[in-house]
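Letters A, B and C name the chains as they come in the text, with residue numbers starting at 1 for each one.
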C-alpha cells in the first residue's frame, strides 16, 4: 500500500539526481519514506537517495518494493507546472503506479523488482578529509573543467590559501580551481588527492547545482562521497570510484 | 485590389494555425475580410479561417483570390517584433504581395490559385455534444497524451464528475484526463466517443493553446470540430476525421 | 610582460567579433592596449580591433606579440558570469596565458606567432559615401535579407526618402530596406552601390548588433568598411570585398 502527495518539483529534482546514472530502479517503501540505492551500468558510480515522509504533503505506505523506469517517470513529471503537486498511488494488483497531475491521471506500468539489478552494498569507507561548499560553485567548476579535459583531480591541502583544489589537465590547456579555507562552508583537513572521471561528475552536477551546500568526502586515491539535501527531507548521496592517475 | 494593415502577431498566429496542416493555400478576399478553407495532404484534417475586416487596422479589398506559400509568409512575419504592424499590398499585374514591416519591404511571389488544390466542401455535420474549455488546458492535455500514445479517445459522459474525458493508451502506460462539468466553460451533453490521431491534434494545439476558449463538438465515431477565436475578428475552425478504434 | 583585468563581457564581445571570421590570431601588445588585424581564410573579409588600455580595469604591457586560438579563449570566457572580471597574465617562459575567473584559473597554451598567417596590409581606400545607423537595425535587416537570398546590394542615393538602401533578390521573393535620411544617425552622400555576400555580413552582424551606432563606408563596386565601438575603448573594423553583380 502506497499513497502520497508531493510537490512535482521536489520529486522531479530527486528523480533527475538518479536518472542521470541509472534508468531502472527499485524503490523501497516504508512507513518513513522512500529509499533507493543503485549503481550505474559500468559500476563506477553509486547513488542512494532517501525521500523522508516529511518531504511529502501526504504520505502513507506499508513496506514494499516497486520497480520504476525513471525515464518514463521523469517524462510524466515534466508535464507538471511549477508549484503543482502530484499524487502517487500504487495499484498493487495490476502492478501500476497512478500519477495524478491536476485533472490528468497517468498509469505507469511497474517493472518486476526481481528483474532489476540487485541493490549494491554500500561500502564502509573511512574518508579522512572533507569540504563543504555551495552546490552551484561545484557545478560551475565541473563545467569549467570539462572545457579542458575528461578527468579531474580533487584534493585537500594544509595551505589555507589553497585548502580545496580541483585540477584538470588537457592535452593543450589546463584549469585549476583553488578555494581558500575562508570560502568553504565546512572543512575537515586531511590528506586527499584522487582522480575522477568528469563525465560522471558532470552527470551528477546538475542535481548538485541545486543544493545549498554539498559535502565532498575524500582520501588519497580513494572514492569520493558527495552528499547533499534538496529541500526538506530529500537526501542524496553519490559515491564515485577513483581513476588511476598516470604521470 | 487589396491593401491592409494588421498587427504582425495577429497575422502570425492566424497563419500558424493553418501552416501546421497545409503549405500552399488560396485566400479569398472580399469587402468583409479574408477567408480560407483547406485540407491537409492526407485528407484527415480540414482548416478554415476568417479574418474579418475588424481584425485589421486598415482593410480595403475587392473580391478576388490569391495563392500564398504559407511557409514563406510565416518566415517573413517572423521578422516583425512584438507590437509591430505589417502592411500588405497586392500587386495584381506582377502577381506579387508586398509586405512592409517597418522600413523593410518584402515582395512575395504569389502562386497561381488554379495550381492550388481545390477548396474542400465543408461537410454538414450534426454533432450531438460539445464542451468548451480553455485552449491552454486542451494543449496541455494533448502534450501529456503524446507522452504515452499516438492516438487519443475524446468523449462526453453523463457523469458530472467525468463530463469530458480524454484517454490515451500506449503499449505500456496510459493517461486519462477527466474534466468535471463544473470546470468546463460550456457543455451540451450527449453521446460522444471517438478516436483521433495525436499527430494532428498536436499540430493544431499550438494555435489552440493561444485561445481563451475552445469549443469541441463531438459524436460517436464522428469527426471532431474545434472552433476558437484568436483576438478580435479572427475565427479558426478545424475538422478532424476519426480513426477506427480497435479493441 | 602583460597583465590585465577586464570585464568578461567586454572581452567576450570583442573576441566574438573576430572569431566569427578567424580562428587563430596574433594579438599585438603595447603600452596603449591590444591590437589585432586578420583576414578570413577565403580572403574576402578583414577584421581589425583595438582594445585601448582604457577598456581595461587594469592594464600593463610591454610591446610584444602573442598567438591565440580564439575558439578556446571564447570557451573559457563563456564560464564567466555577467558582471565578472577576468584576469589575464602572460607566462612568457612557458608560452601560456593565465586566465583567472573568480577562483578558477585557466592556463591557455599560446600559438607561436610565426605559425599564424601574416597580418594583412589594410588597403587605403577612398570610400566616397557613408551612413551611420543603429547596429541593431543593420543586424535585423541582414537577418531579413537572409530569408530571401545569399547576396545583398547596399547603396546610397540622392533621394532623401531612400537615402540608404539594401536589396536582396532571391529566385522567388525579394526584399528591400529603405532608410530615409531623417532616420540615419549620420550621412555623407555620394555614389555607392555594391553587392556583398550575406554569409559574411551575417557573421559580422552578431557583433554589429551590440553597437549603438555603426558606420558603413561605401563606393561603387567597392569594398564595404564597417566600423563601430563596443563600450569604452573597444574599436572594431571590418572590411568586406564586393562580389560581382550579374544582371
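Heads up, the rule we're going with is that contacts are C-beta pairs under 8 Å (C-beta built on N, C-alpha and C of every residue); 3 or more make two chains touch, one makes a residue touch a chain.
Treat the numbers as computed from the prediction; the structure is a model and nothing was measured.
If each chain is drawn as a node and touching chains are joined, the picture has every node linked to every other. Looking at which positions face the partner, chain A and chain B present mostly different ones, since fewer than half of the interface numbers are shared.
Taking only C-alpha atoms, you rotate chain A by 120 degrees to land it on chain C; that is to the nearest 5. Centroid to centroid, with C-alpha atoms defining each point, chain A and chain B lie 44 Å apart. Residue positions of chain B with contacts to 2 or more other chains are absent.
Residues of chain A touching chain C in their complex: 140-141, 143-144, 147-148, 172-179, 183. Residues 72, 75-76, 79, 101, 103-109 of chain A are the ones touching chain B in the complex.
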